[in-house]
Structures are given as C-alpha cells and as structure tokens.
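Beneath this line is the structure, given in structure tokens, with notes to follow.
For clarity, chains are labelled A, B, C and D in written order, and residue numbers in each chain start from 1.
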Amino acid sequence: MNYQGKMTISSHKELTKDVFEMVVEGDAAKYIKEPGQFVNIKITDDMTPYLRRPMSICDYDEHSIKMIYKVVGEGTKLMSKKQVGDQMDFLTGLGHGFIDYEAKEAIVIGGGLGVPPMYNLVKKLKEEGVKVSAVFGFGKESDMFYIKEFEALCPVYVATMDGSYGVKGTVIDAIKENNLSFDKYYACGPVPMLNALVKAYPDNGYLSFEARMGCGFGACMGCSMKVKGASYKRVCVEGPVFKSEEVIVNG
Amino acid sequence: MAKLHVTLPGLDMKNPVIPASGTFGFGYEFTKFYDINVLGSIATKGTTFTERYGNPLPRIAEGPAGMLNAIGLQNPGVHAVVNEEFDKLSHVFNGKVLANMGGHSLEEYIETAKVLSQSDIVGALELNISCPNVKEGGMQFGTDPELAAKVTREVKKVSSKPVYVKLSPNVTDIVAIAKAVEAAGADGISMVNTLLGMRFDIKTGAPIIKNKTGGYSGPAIFPVALRMVYQVSQAVNIPVIGMGGISSGKDAIEMMIAGASAVEVGCANLVDPYACPKIIEEMESILDEMGIEDVNDIVGKSHQF
Amino acid sequence: MAKLHVTLPGLDMKNPVIPASGTFGFGYEFTKFYDINVLGSIATKGTTFTERYGNPLPRIAEGPAGMLNAIGLQNPGVHAVVNEEFDKLSHVFNGKVLANMGGHSLEEYIETAKVLSQSDIVGALELNISCPNVKEGGMQFGTDPELAAKVTREVKKVSSKPVYVKLSPNVTDIVAIAKAVEAAGADGISMVNTLLGMRFDIKTGAPIIKNKTGGYSGPAIFPVALRMVYQVSQAVNIPVIGMGGISSGKDAIEMMIAGASAVEVGCANLVDPYACPKIIEEMESILDEMGIEDVNDIVGKSHQF
Amino acid sequence: MNYQGKMTISSHKELTKDVFEMVVEGDAAKYIKEPGQFVNIKITDDMTPYLRRPMSICDYDEHSIKMIYKVVGEGTKLMSKKQVGDQMDFLTGLGHGFIDYEAKEAIVIGGGLGVPPMYNLVKKLKEEGVKVSAVFGFGKESDMFYIKEFEALCPVYVATMDGSYGVKGTVIDAIKENNLSFDKYYACGPVPMLNALVKAYPDNGYLSFEARMGCGFGACMGCSMKVKGASYKRVCVEGPVFKSEEVIVNG
C-alpha cells in the first residue's frame, strides 16, 4: 500500500539549456503501474520549497525511474543542483496514466516538457503491436531534446513555433502537413495545445493534464478539473490522463 | 509511556491529534498510507448543504514554509457526504469525526447542521465561520462578533451534537469573537483557519491563484496561531482545538502548552502523508523524555507565567 | 540597464530599496559592511520623545522562515537622535532618511514629529501606529480607524515634512484604516509592521520572549504583506511603501507588482548584512531580463487582473 | 572592513555527549582581534533556521577558528550534522572580548559552554606573563570536556554540582575550597553563575554575557543589557565582555 520512499540519484545530466534528465533508484519505483503516471518529490529536507513537485515518468522499471524536467523556478533549480548519490523523498505510482493500448495506428503527441512521458508509452504501445508515430512540438530547434531516443523507437515528426526545425507551427500543423493517419492519439503538453487537440480531434484521444498540486494523492482538492459527465475529477487521482470525450475545452 | 488520551465535548480520543479539515478529504485517501484508526479523530472536508465545485484553477500557490489555497469548499453536498463519504469512512475508521461545515448563508448553516449532526459517525460539528475562499458567507461570519454569535446560536439550536466554532485569524481582536461564540453556546473553539495571503507571477503580474487571494497555512503561521490560542484559551472556559503550522510532535506540544486541549494538523498531511502518525509518536517520546505522564498536564502550562 | 529611480513625497531615491525601521539602527553599523549611499533611503529606528530602554530580555525568538522581536522601541529620545545619531549618519549618508517615530500618547507623537521634521537629513516622517511591542500607544492607534486618523491629522499639522503612516497587519480591515489615514492627510502609507506572534519554551512552558508576545517578521509573512499591499494600493491614491518578508530582488519586484511604489527590507538585514545591496542588484538584473526599462512600470501591475 | 565570509569545516568531532569541537578555515578568521569575541553563523543556506547562531571562539589564528558547542536545539543539531568540507557563512570578529591582560595572578572561570572561550584567553594571559589558573564548573563528571587541553596550559580546578568530580558545588565553592588568590578574574558561563560571581567579587572581573541575538552586529537592539553608568549596552557590540563594576546583578 505504501508508495512513499527515498530514491537515490544514479544519473543526472543536462540535455539542453535548463532541461535535465535524472534517473533515481529505489524501492518506491515498483509501485508504478503504467506510463503517464507521475511522482511527487520533496526536493529538500527543509520547509522551503514547502510543497512537493510533481514530475512525469519518462521511463521506469522495478527499481528505477527516469524523469526529464525543466528548470522553471526555485524547486526545479534546487533539483538541478542535486548530485549523483543524493536522495529525495518520492511519492510514486500516482494518478491514472495511459492504459488503453488497443489501436492499429496511434500517434503520441508531446509539447515541450510533455514529450518525456511519451517515451515509456511508445514502448508499451509497440509491445502491444501498435504502429506508433510521434509528433512533438517545441518553441525552437535549440529547445529540442530526446529526439534521437524516440527515433530509435518510432518515426518522429517535429513542429517548431519559429520553423527552425521541422514544420513551422504547432503539433496539429505537423500532423496535417505529414498526413498522419491514426485511430487513437495520446497527448501531453501545455493546456492550450491540449485544448486545440480536443477541438481538432474530439474522439479517441487521451490527454494528460497538469495542475498546481497541493498533495498529489487526492486529499486537498487543489487540482479538480471540470469534466463532462461528472461534477469534477482530480488531476492527481482520476487524471492526469483524461479521455478527449470528457474534456471541457477551456473548462 | 505518556498517556495521550484526551476527552473533549463529543470527542473521546485516544490522542489529541486530528487531521484538519480540507487536508484529509474524507479520510480514506490516507488509508493507502496507514491505518487511520491511530488518529484521535478526523476533521472532515468542509461540507455545505448543496454541492459545490469550488473555485477555478489554479487553487494552490506557495509561500516560504507554507502554502496558499483557494479551494472554495468543493464538496458533494451534505446528503452525499452523509450517505456516501461517511459511509465509506465508517468502514475504515471506528472513531468519531469532527464534521466541518460551511455555508453561504445562515439558512445553509442551519440546514447543513441538522443533517450532519444526525450522522452516527459524527462526534461533533466544526462550524467554519472563517473560510477566506468563498465569496458570500465564510469569513464574514467570523470577523464580526455579533454575526459569529448569531450563527453559533442558531446552529446550536438544531444540532444534536456539540458544536466547535472555527475562528479566523484575520481579525483585530480574536478574543472578542471567541467570547461571543462562547456566550452563544459553543462547546469548543477550533482555531486558526488560514491567513489571507497572495502571490504574484512576476512575469505576467497576475495573482497566481485564480481567485486572487488564498488562505496561507503551514509552519509560517505557527507563531501567529500560538499567540491566538494563548490569548483565547485564557479568555474562555471551553476547550480550544489549536492548529496552524503544526508539523512535528514538538509543535503539537508547544500548541498545547499555549492552551490547546487538542490539535489539528493541516497542510503537513499534504507534504508528508505520514505527518499525523509521526506527530503522535513524537509527542509520546518527547513527553516521556520530559517525564510527563499525561498529556493533559501540559495544556495551558504557559498561563502561569 | 533598467532605471531604478523612484520619487515619492519627500523621498527622491536612486532606487526603491529602503532598510526598514528597527533593523538598521541609525545606519552606521552597516558602514562596516558597505557604502550605504547605494540605498534609496533609510528608515531610521523608531524614535520617541523621551529616551526608552525598551523591554526586558529575551527580546528575540525565532519562527519558521522568520523571527519574533519585542524590542519595545529602545531609543535615546528625539533630541539625542537628532543631535547625535542623525549627525553621525549625515557624515556617511548623503540621502534623506525616512524618520520612523513612535509614541505613548498623542502628545508624544506630536512633540516628536515637531523635532524630527526640522532635521535636514529627514526627507519624510514614518508614523508608526503599529508597534505591537509597547504597552500603551503603539498598535492601539493602528487598529482603530478613528484613532489612526486623529494621530495622522495632528502630526500632519506640526510636521514640515511629508508623513507616511505605518500600518499594522493585525487588523480585520486594513483598507478601512488606510482610507482613514489618507483622508486625514497622510502623504503615503508604509506597510506592514510585524504580525503579533508567540513562541514557548517547551521545557519550562514559559513564553520565550520576556514580554510574552513579539512581532513576527521575515519571509514567513510575505504572502500576507503582499495581499494587504495589493488591497490598500488599490483603495488609496497615495503611494504605498511595501514591506514584510522581502529578502530578494525577486521579492521586491513581486511587492511592487502588488502595488508598492517602493519597498522596505527589514529583518533580512539582520541575517545578511548585505541584503539591501544584493536586492538592488538583483532587481536590476531581473528587470533587464524581463525587458523592463523603468521600475515604475511594474508598480501595481497586478491591478489589471 | 568586511568581516563576512564562507568558512570551510576542516575538523569536527564529538568531545562528550552532545558537545562538539569544530574547526573552520577561511579568510574571515583574520578579523578576529582578541579572545572573548564571537562569530555569528548562518548554519544552512535556507530560511530555516532563520537567524544566525552566535558562538564563542575557543581558539583562532589568521586562517582558522576553533569552536566548541553543545547541541541544544534545531540549529546546533543541524550544525552537528555538518561534515568536513562543508561550508557555512560566518560573521567574524564580533563584539569586544577580553583585552586587559595586566594582572599578576589571574583566574579564568568557565561554566559549561562558558569554558571554551577561556582557552585562547589563557594562552594570551600566559604570553603576557600572567600567572593563570582555571576554575570550571559542570553539572556532573560526564559533562566535562577540554580539561586535558587546559591542564597542558595551567592548573585546573573543577566543581561539579553533584560532586562526581572535584569540588561539589559551584565555581565559587571551588575557588574558596582551593584557596585561590587572584587580582583579576575572567568569566564566562550561565547568567546565574555570572551574577553570583559579581556578588562575591564585585571588582576586577571581566564577565562574558549571552543574549538571544537578532543580528550580532549592533543593528537590532535585541541584546541590550542594562549596565551601571550607561542607559544600556549591546551584548553584541559593547559586550559580550563587561566589567564586573558595571554589571547590574539580576538586571
């Protein structure tokens, strides 16, 4: 039942400016059930930063978790200074991830820091015999990361807002320009991207949402999202992955 | 081993540690982490008569050694709470709960209290007149002694269980409000709720919390909470349940020394799901070290100075 | 490079950073660390008409991310301040100071203001009606809009310099007090003073501070200070000097976004004697990064939301 | 002018239960002028504990400072966990120490954690040709520390409250029972001990006081002490060492 524990950093490197890959090892990894779940990390032992920081899981096995994160504030800055051998306190196996692997042709869609959780998902989909392509959106070429790692698994299409790499525009532009066909899609990224996707493709999608979280395990109601067919759902328990059919655009 | 058992109106508790309302849901999220029967009681999520979705997101921000929230009393309404949430809870918790309740209006408080107080699992009501995060009702009842007394009196009339009134720290004179609710029949006082605060995104200039202001809680508010509990517990003859920033057994003991007969632990539960059981254990070991046999002996120990 | 120059009544400052009263003495202790001419101004130690020894020791305690003090306005009296302290200061500081003043009674405020406002080095007075650490006077003037207006009006009558009124956060409705002092002629508002708090020694049960309660300041109070500055700066038409928990350039910028036209930095100076010059430098580099040319452009930026 | 700087721990060991000796190295050491001064330490880089912690100097040279401290609360507990190589931020050369070394026969008197600052003082007095003895008071034998180090410099007399070592009672009992004669004394220890000394020996004494401090360098008035002949003096600037003649007993 317990899914809390100290994890020890076994690898930590900068992928591109301010974006880091971190691997941690420890028993709490074994509570992760599926791609798209997240962990919630107490970065320091003191009172500041006070709250845990939620992070998606890029890849995992029984004993380790790989995350990719961007330094955006105080917490991630402190995290970036951690060294191999340092420990942090983790809550693991949080939330409901991507569990529907029944598709013929699927695309996974990641925007910025929404790219990492697609990694383990692509692996799972391929294991289940699904034909997968990946569509990623970044601001500009120098923001890109992890493309080679994905290319080793599946075809990758990129859109950049400034056109410095791949298609100029959004992931939707990349899907259209590359004439990608799919019967299911899986997406993670900024809310405007998710909203645009639901508008363009209202059916057969799974979208992973973010929210500022108080707890990450359902106790505080800090992350409630209005969805169709229920009064609300918690991003941290019922989510972070929601069906495109239940998402209320700009809800 | 120090005796931790405490008895308050409606709450006969194996120890004085109660998770605070809004930070523990209706209890069962925590059964994933530990057996919640170790707790003295549970203050359940603020309940209103009708269902509430609460405030728009983001509802959470952070401060030094604390957090801000503007949940806005999201809850499924009193009937769903009693029929569904309390029912689920009664399968995993065999103690009595402190049923926290909010309201838009005097009428809503009264109707909610009627329903809640009839539930078997409820040991006492906790009347929240201090929620800073709802537009009408909420804190305004808690900042005016007369309104505070009025809602207390009306709720007492309809409640078959003892009533604790939960006070706001955002006032000039908390003693005046405490005395007013005592005179109106309150069986106990819970204090403090959150301090009204704000944070801004320096890039956009916008308040981080969509509702603009939020309630600040956590270690940062501990000295303010201690001061208020000290003042109020000396001025009234009903028990005070103290809270605000407690995150260790040492903090809980300090709060009881200030004058609290029991304590609630709020956002510490969110950061460390094991906060409450750890606090209970630590209290016991500190009291043992200090050679104190009964936790009741430290209540208000500071008043002699 | 971003322009940091700001102009407030009586204070033409090269930057908006002012060490807060009581945390910077009369300035020259800090000349051991740096050239204090880098500062916008200095809010000098609270001065009363007659000499005060202040409260018994211990006067200092700690809280999470903050400290409590109960100095009790120790100062050598207004004549010694003007003749000795300001004289010494004028040899090392060539700006104008914000002369903070306290009092037991209306009369003491008036007499003190007369003397202080005649000193050349004084740019403006800062009328402390919010000191929680003195028995009579002090905070009581700051918690009642009528009393607050009265002392403001009387001090304005005798002062030849602009008057800033320093408000207490320990009130239900700080906007009402701000409006009252504005109507009474205040040229500006300084806010906030400390939050009233306590700590206890768990071994003895005694309050750590001999005076029992103390004023809580530091990062812990930052979200509360931001909220109050936001509320007040929208409600009045005079400038607000914002303070409470500022310890970085980012904090100072957030305070100005909330609505402050300048900031004071209090107990951060005690922990890091270089706090103010570091804050000034950091403000400049953050504004540059954000592409903001003039710090005045961020004042009250949050009000549009 | 600057006397602030990072110091690096070069040695750290437990002398007796909860009492540690720590040596730190760094440039800020060179601002120390005399025995009896103190340093003020920011133990962590974060906001908790918020204030610095004042500590006496046991011994020092141009580059290093030795301190002896007892774990009594959160700050000293965190300090005790620091390791060789760790850094802390120091303000050094604070306060006025013992500067009068003109005596024929002097005794230095230390109670508990008041013992350490006497170490460098004894050295100084001996350099100046003063005949020195040391009188130390502890609760019980197992609380004692640093006796051998002092015995290498001068005769040492000990009093313990429970009589488990040396004279049973206070330092004053030890002075009397050992018939120590002296024309000057130097003392550091708990306030009741200092008060008793001033009562017994009102003249020719120098006593080092403690106070809870906000800043340690004269800015906050947190440490003001009432003294004879002045309205007040700050323990951190005019003190911590005061003349017996100016001390107000139970002031």
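Operating definition for what follows: a contact is a pair of C-beta atoms (placed from the backbone, for glycine too) under 8 Å apart; a residue touches a chain by one contact, two chains touch by 3 or more.
Everything numeric in this text was worked out from a predicted model, so none of it was measured.
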item: Graph separation of chain A and chain C (steps between touching chains); value: 1
item: Between chain B and chain A, distance of the C-alpha-averaged centres to the nearest whole Å; value: 35
item: Chain A and chain D: spacing of chain centres that average the CA atoms, whole Å; value: 56
item: Between chain B and chain C, centroid-to-centroid distance (C-alpha), Å; value: 34
item: Chain B residues counted as touching two or more neighbouring chains; value: 61, 63-66, 218-219
item: Residues within chain D bordering two or more other chains; value: 47-48
item: Overall pattern in which the protein chains touch one another (line/ring/star/complete/other); value: complete
item: Residue numbers on chain B that touch chain D, as the complex places them; value: 64-65, 219
item: Touching residues on chain B, where the partner in the complex is chain A; value: 22-25, 29-33, 45, 51, 53-54, 57-67, 69, 71, 74, 76, 208, 218-219, 247, 267, 269-274
item: Parts of chain D lying in touch with chain C, wherever the complex brings them together; value: 1-4, 42, 47-52, 91, 211-215, 217-226, 231-232, 237
item: Touching residues (chain side chain A, partner chain C) in the complex; value: 47-48
item: Interfacial residue positions of chain C with respect to chain B in the complex; value: 61, 63-66, 68, 143, 170-173, 195-200, 202-203, 205-207, 212-213, 216, 218-224, 226-227, 230, 245, 250, 253-254, 257-258, 286, 290, 298, 301-302, 304-305
